[in-house]
Amino acid sequence: DGLPEQDQARMASMIEHLQLRDSLRMYNSLVERCFTDCVDNFTRKTLQKQEETCVMRCAEKFLKHSMRVGMRFAELNSQAATPE
Amino acid sequence: MAANNAVGIDKEQVFGMAETEMEYRVELFNRLAKTCFSKCVDKRYKENELNMGENSCIDRCVSKYWQVNSMIGQLLSAGGRPPTM
Amino acid sequence: DGLPEQDQARMASMIEHLQLRDSLRMYNSLVERCFTDCVDNFTRKTLQKQEETCVMRCAEKFLKHSMRVGMRFAELNSQAATPE
Amino acid sequence: MAANNAVGIDKEQVFGMAETEMEYRVELFNRLAKTCFSKCVDKRYKENELNMGENSCIDRCVSKYWQVNSMIGQLLSAGGRPPTM
Amino acid sequence: MAANNAVGIDKEQVFGMAETEMEYRVELFNRLAKTCFSKCVDKRYKENELNMGENSCIDRCVSKYWQVNSMIGQLLSAGGRPPTM
Amino acid sequence: DGLPEQDQARMASMIEHLQLRDSLRMYNSLVERCFTDCVDNFTRKTLQKQEETCVMRCAEKFLKHSMRVGMRFAELNSQAATPE
């Protein structure tokens, strides 16, 4: 609030940087999870149809799950007036 | 010059703490999401929608995780021991 | 030792920062572990009595465990005269 | 002075993004390696060499992991949603 | 000015290495603690004290983990290969 | 490429720093994995012969595995002309 303009810019840039880093980590963890849950056959080097379907459903479910958790999390965060 | 430096360090600390606090919240969210996904979502992935049972499981899971987080936070600060190793 | 005062302050501040970050991570991992081990029923949205008991015992055991490991770890570290 | 600062911030961002990009690749590699080790390598450790079956499993595992990575990357960018939370 | 900068970079490297070394020790401790907790502590949590069996298991677990850490450290440096990827 | 010399030095130093950090993490994760897979008996405080053998094989297999994955990963990376 009372921060000088330059510091506000720096804070915004830090937040942006953390968000980018976090979304890349989420991407990595999503890939690992769906691969682990859906791919178990290594007799061929390309995905089979049902593996592809499984991966897409897994990813979509995970994203919907994240959005739902995000909403609930935000509600609880806002209820906790002074979180510290 | 010395005063300048002192201010410089303080500002670094403020930014450092803000960053640490944000990292903490992000990690809390990520662990919560991972845990509730494992507890609530059927890993056979028969469809790409969350069904009603999964959705209500998720809501309750988030709520309970939050409670556990508070309980343990209180335990850690009550022990005279702030959450340090 | 031979560091200028300003650098000593910076080193101290870095250590403090790492300790804070580490203790917050420990807090997060403790919550995840005790939740995972103790909570498996999602027919209600509040913790039941035996879940609460389980969580508290889990957390206390984990902290005692950490302290014991910390002591042993420090002993081994000090035995290893030149650790690198 | 102001211009100087602006340049300073831009440069920080460039270095910050390069670092984030590298961290991303390292994490991708580490998760891939961990996952394919779990899927392909016999945990009884009867010998210190990878046998032929393990080696071809690893090659296929890397190839399939890469495909899954691309598929999910496309899903995330297609959703209008760049890979953000 | 150039000399000034060179000194600046060196100092950054010193701080960077000190930080990396500390992060390494913290991670070693955390993985050791997590692993020995999994191996030694009864997950039914019937009491809030560690019993005698758990305590001696923990002591031996820490000792063995430390040995494994040294063995693998030697393997990595012996391979001519410092612990790099 | 077009970077001033000073920035190139900084970039090189950053890469070196990330590689050091990553190799230390790999070391930690290798120790955890081989310990977890090979050590399960806590009636003594020193490793038994067959535990040692298991740990060494595990570590060697893991390193060979990492190298193989690294080669395949590099091939795929180079095929993906514009990775972004």
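Here the chain labels run A, B, C, D, E and F in written order, and each chain numbers its own residues starting at 1.
Just so it is clear, a residue touches a chain if its C-beta (ideal position, glycine included) is under 8 Å from a C-beta of that chain, and two chains touch if they have at least 3 such contacts.
If you're wondering where the values come from, they're calculated on a predicted model, not measured in any experiment.
Discounting chain A, connectivity by touch keeps the other chains in one piece. Compared with chain E, the chain whose C-alpha mean position is the greatest distance off is A. Put simply, the chain farthest from chain D by mean CA position is C. One inter-chain figure worth recording: chain B and chain E are separated by 24 Å, centre to centre, where each centre is the mean of the chain's CA atoms.
Inter-chain centre distance (chain B to chain F, centres taken as mean C-alpha positions): 28 Å. Looking at chain A, residues 10, 22, 25-26, 29, 38, 56, 60, 66, 70 sit in touch with two or more other chains.
Those residues of chain B in touch with two or more other chains are numbered 23, 29, 40, 59, 63, 85. One closed ring of touching chains is present, and its order from chain A going to chain B first is A, B, C, E, F, D.
Taken together, the chain C residues at the contact with chain B in this complex read 6, 9-10, 13, 17, 19-32, 34-36, 38-40, 42-47, 51-52, 55-56, 59-60, 63, 66, 70.
Those residues of chain D lying in contact with chain A across their complex are 5, 9, 12-13, 16-17, 20, 23-24, 27-28, 31-32, 35, 38-40, 56-57, 59-61, 63-65, 67-69, 71-73, 75-76, 79, 81-85.
In the complex of the two chains, the chain D residues touching chain F come out as 11, 15, 18-19, 22-23, 26, 29-30, 32-34, 36-37, 40-41, 43, 45-50, 55, 58-59, 62-63, 66. Per the touch definition, chain C reaches chain E in the complex via residues 7, 10-11, 14-15, 18, 22, 25-26, 29, 33, 37-38, 54, 56-58, 60-62, 64-66, 68-70, 72-73, 76.
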